[in-house]
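Order as written gives the chain letters A, B, C and D; numbering starts at 1 within each chain.
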Amino acid sequence: MPSSEAPLDDLARTPGVPKPDPILIVDNVQRTFGGLQAVNVQSLQIQRGTITSLIGPNGAGKTTLFNLLTGFDRPQHGDWHLNGGALVGIPSFRVARRGMVRTFQLTKSLARLTVLENMLVAAKDQVGESFWGGLFGRWRHIEAANEAKAMASLERFGLDHMASHYAGSLSGGQRKLLEMARALMVEPEVIMLDEPMAGVNPALTQTLLGHISALRDDGKTVVFIEHDMDVVQEISDWVVVLSQGTVIAEGPPAHIASNHDVIDAYLGLHHGEKP
Amino acid sequence: MDWVKILIDAGRAAVGVPAAAYALSAIGLNLQFGYTGLLNFGHVASMMVGAYGMAITVDRGGSMWLGVIVGILLALILGLILGIPTLRLRADYLAIVTIAAGEILRILVRSSWAEPVTNGILGIQAFADEFFDLNPIPVGLYGIGRFRFDERTVWVMILGWGLVAVVTLFMWKLTRSPWGRTIRAIREDEDAALSLGKNVFGYKLQSLMVGGAIGALAGMFLAIDQQNVTPDTYIPLLTFYAFTVVIIGGPGSLLGPITGSMIFWFLFEFLDGVMTGAVLNDWFFGWFEATDIGPIRFALFGVGLMWLMIYRPQGLFGSHEEMLIDAQ
Amino acid sequence: MTDFEPILVSEEVVAGYLPGVDILNGVDLTLGDGELVGIIGPNGAGKSTLVKAIFGLVTVRSGVVLLRGEDISNLAAHELVARGVGYVPQRENVFSTLTVEENLRMGLYLRPEIWDERLAAVHELFPLLADRKHQRAGFLSGGERQMLAMGRALMMDPRMILLDEPSAGLSPANQDLVFERVRQICDSGVSIIMVEQNARRCLQICDRAYVLEQGKNAHTGAGRDLLHDPKVIDLYLGTLGRAD
Amino acid sequence: MLLAAIAFLAIVSMPLAALAENETIKGTLEKIDADAREPVEGVTITVEQGGDLIGSAVSDQNGAWEIPVPGAGEYVVRLEVETLPDGVALTDPERFELPDVSVRENQNKTARFNLGPGLSSGVSAWNRIGSLFVIGLKFGAIVALSSVGLSLIFGVTGLVNFAHGDLVTLGAVVAFFFNSPDLGGGWHILIAAIPAVLLVAGFGGLQEIGLWRPLRKRNTGLVSLIVVSIGLSFVIRYGILVAFSGLPRPYLNYAIQSDMQILGITTVPKNLAIIGFTLVVLALIGLFLTRTKLGTAMRAVSDNADLAESSGIDVSRVILVTWVVGAGLAGLGGVMFGISEQVQWDMGAKLLLLIFAAVILGGLGTAFGAMLGGFIVGVAIEMSTLVIPVEFKTAVALAILVVMLLVRPQGLLGTKERIG
């Protein structure tokens, strides 16, 4: 259910509307592949501490926008800031370190690492991760603390019994859970989930939804791509609709429901109803 | 056919100087290929700069210790120069660039242009006297029965296996640290590692450089044993030997390079003995001469490499679970 | 249910890409001879997977696909082409390094003897392909590529074709053109299964449509009826749609 | 299958000479001008065997040199060109290495290098540049012929085949057996080339059916396939060594030709013949790829294998044909290489890196790129000797390869990987 304070309810429902406390501000980001305009977002702000859903038909540019914002792809043009810090040209791993972590649509479990190792890889501030630190640093007490944290998190996600198994032996749904749990080990402020529910059975969907709500309750900002409208309705504070690379609508879930542009974007225009 | 002699010779090879050298070389390659997933086909170049770094230093009046430091430094610099432009390339391109870079370096070292420093194709000899002068072992043969080594070989073997032990200890510390875990994560999926805030490029570069430095140690050790460096020793074949050793032992396994090297040399020597006996006893109906044994051994080496890569990519003793994951 | 003689029937088809993960969980479908059947449904419902499974590009794990009574489940794609089935994928549906004419030639790989006749037919349908015949397909616009892709599939003189989202990524004007042509192709006697995201336009031109949800049949019916069926809107937009 | 091939080749193998003692290789270096002879002093000569250095010597004031060798056998004797004094040069710049000096037991073998006045003094710059250009084109033709197959096979299967160079050798060696009066029919090399190319083409097809196709079905990864191809290259190369022995041997025909002058350029007729013949073959390949159904299908599979399958193209058959054609071309390249130089067991392996340079320069996966890249590499290698020492000429090609990968990895004619 949407957060009770609902600071966003008073905002205008126009694309690009400024938010009272934005953590992520996107300005005029454009990406073209050959002649095809994949992303052209004039203005988009993400409110701190909320769950924002990014929806839109196939090929609307949702994943491309994720790639751009997290440094996995470079735009031809544009500017975006996380907590006031510019992210243009920042490599992906630094974006993650600055507190914005993403997951992938096709889960990327590190197959020949154990589940626990998958978690520990993601842990922040481990001096043993530098070459000299690994050889001579005093990393074991940090490791022990990380391990405790990882096990607690795995328990929360129901994976603790798999901790010593190779991640490659997990089922598809378990990998989804692991990927989300692993992203949290980075202690991000913003977590960007690319279709976390895709290919997951309904029971697990509810579990995942619970986890996502819990993230917001922990004060994290969640942006996620989703195509199941019931899920979007149930969980998001704010919905952003992308179509052909541009933001065509944004607003609270109830508002999006009554937006004809959105319905047209999803179902297609009636014949003759050219915009 | 004298099976006892063949087995003893093969056993001597398995614990001998070449086995130690290739174990060392394979440890370096294992860091790059087994742990980090880099397809470096120019590993022999690290061995070459290590050997030459030491030989040239001593040739110019430096001590062997200084030579060792110079050799390692050169290998680190080589890793840096080679890594910065190439580590973003796809695996097959990386393989081609590194094998080409190794050949370019060999051509440079053997050229008359470099001759004032490298002595061209003639190479440099007799630079390890310092080491052999230190040999405390009295003249004699050591071992049991026919399984014996002379004092010089024993001294070199102590150095070789000593180095293997020290470097393995170093690798144990390194690969079991969070650093080691991170490079394995990069081997599994670069994008995942990036998304978790890991500087993938930096880690790959470190792995290439450190693996190269270990390769340089192997090159130095071989050079010390032979008291000789010549450019045409350092052909791509050496890299492929090291690859085979890594794959026999299991890529990404700590002790794999050691067991791999011992098995590799045991089989190599054993085949040699068996085939020599077979030719002498005319088991091949006169098809093969004694001089054919070397080439046949190489051809069988090729068959072995193919077989391993197809049926045992996780090494002769690789875990079944890992292989299942690998097949997915 | 249909007035047409069935040409293709799929029964209880279960299929998926990864081991243990099924995308289709038992889909039934019938295509009549000369019929245009649409497949719509929300993202991730398995629409594209269904046509790929029919065309042998995704393994059918259980169930059966019959072409005029013959079991064609998991036949290699080129064998289906030989049986008169054409397929136009959604993306990368032209050979971009080949010229337009070479693309068409590849469409006729199995029956080069009917080249002249088929080329004339395809040129009549898509005159633009005649003008551009020496151009590399990689330089065509999105709409032109879609024409070429359909033209390539038609070269074999197929009895039926499978279209995967032919309108995806096209401007509204080009979408209209594509839908017009699809209807025209069907009226010329080719049976068509068309997966579409643009549900409204699809339903307007289809004889019949299937609505998929989570890899299963959700609804089926004549195109025009489904067009105004609130359940369909509900499926796409969920509770969002209910407020409309 | 491979073992059978090795066994077959082994039947016709030739033995190497046995060990003996007191052998040397010697010679006298003299500069022979129109009317005068003078000894050349201070030139380094080296002797190698199987890549190992045996010994070296510097010519004395009489131009004489002598190097002891460990026994009877085949040696490579090389004159270090850089040590030649000014105004003295090899009359044939390519003959700085005598690859096949055969020493009998207790023989003091004489090895001869022909020295004359430096080209710069006696030969016009035009002739010097022109003849190098022709040599470069000829070598480029051989590289181009050998490269097309590698690039085609990469295009349709994604495999970088490290055993491709050994297919080149195989072509040269099989032709040698048919050409040899003792071992084969003593056929003229141009006739012997036909069964050689066919057998190598067949071998390529067998490889695809027996090895690569099953591995593709198992979804074997790229890295594993590359390592398998390296294993295969050892099998072929050393199988050939057993069958053919280590000595380089020329074909019966065209081994020695006298110089000819054309447009003021000195060259040998076979260079022009190789260039001309290769251009015809490459043009035919070009026509095959663009004008025939099968050739177009190869490009189609290379472009998008899934779409090709969906269009009704039997992709695995097209891949098989590509292997057959690619291997056959490599075999033909080997025959040309053998005519140009000599036949040697590792000639193709030595060519492999230049083949890589050619295909990457032109764009991996594009046949026309490989042709263009082959000629550029060949000409660049030979022409580079105008400005830098001969011994660096291979490094030039490899440097082109490295720079190209860093600057434009898709090559001159390749297109950037399609995105999205």
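Annotations for the structure displayed:
Following the convention adopted for this analysis, contacts are C-beta pairs under 8 Å (C-beta built on N, C-alpha and C of every residue); 3 or more make two chains touch, one makes a residue touch a chain.
Just so we're clear, the structure is a prediction, and the values are computed from it rather than from any experiment.
Compared with chain B, the chain whose C-alpha mean position is the greatest distance off is C. Of the two chain pairs considered here, A-B and C-D, the higher C-beta contact count falls to A-B.
Chain A and chain D have CA centres that are 55 Å apart.
Centre-to-centre separation of chain A and chain B, using mean CA positions: 45 Å.
Distance from the chain C centre to the chain D centre is 51 Å, each centre being the mean of its Cα atoms. Residue positions 36 of chain A each touch two or more of the other chains. The set of chain B residues touching two or more other chains comprises 328.
By the touch criterion stated above, chain C contacts chain A in their complex at residues 18, 20-21, 23, 42-44, 141-142, 165, 167-169, 172-173, 175-176, 196-202, 204, 233, 236-244. Partner chain C is touched in their complex by these residues of chain D: 293, 296-297, 299-300, 302-304, 306-315, 415, 418, 420. Interface residues of chain A, counted against chain C in their complex, comprise 35-36, 57-59, 171-172, 195, 198-199, 227-233, 253-254, 256-258, 262-263, 266-271, 274-275.
Taken in their complex, chain A has these residues touching chain B: 70-72, 91-94, 96-97, 101-104, 108-113, 117-118, 120-122, 124, 126, 128-131, 133-135, 137, 139, 143, 166, 168-169, 182-183, 185-186. If you check the complex, the residues on chain C that touch chain D are 55, 57, 76-78, 81-82, 87, 89, 91-98, 102, 105-107, 109-110, 112, 138, 152-153, 156.
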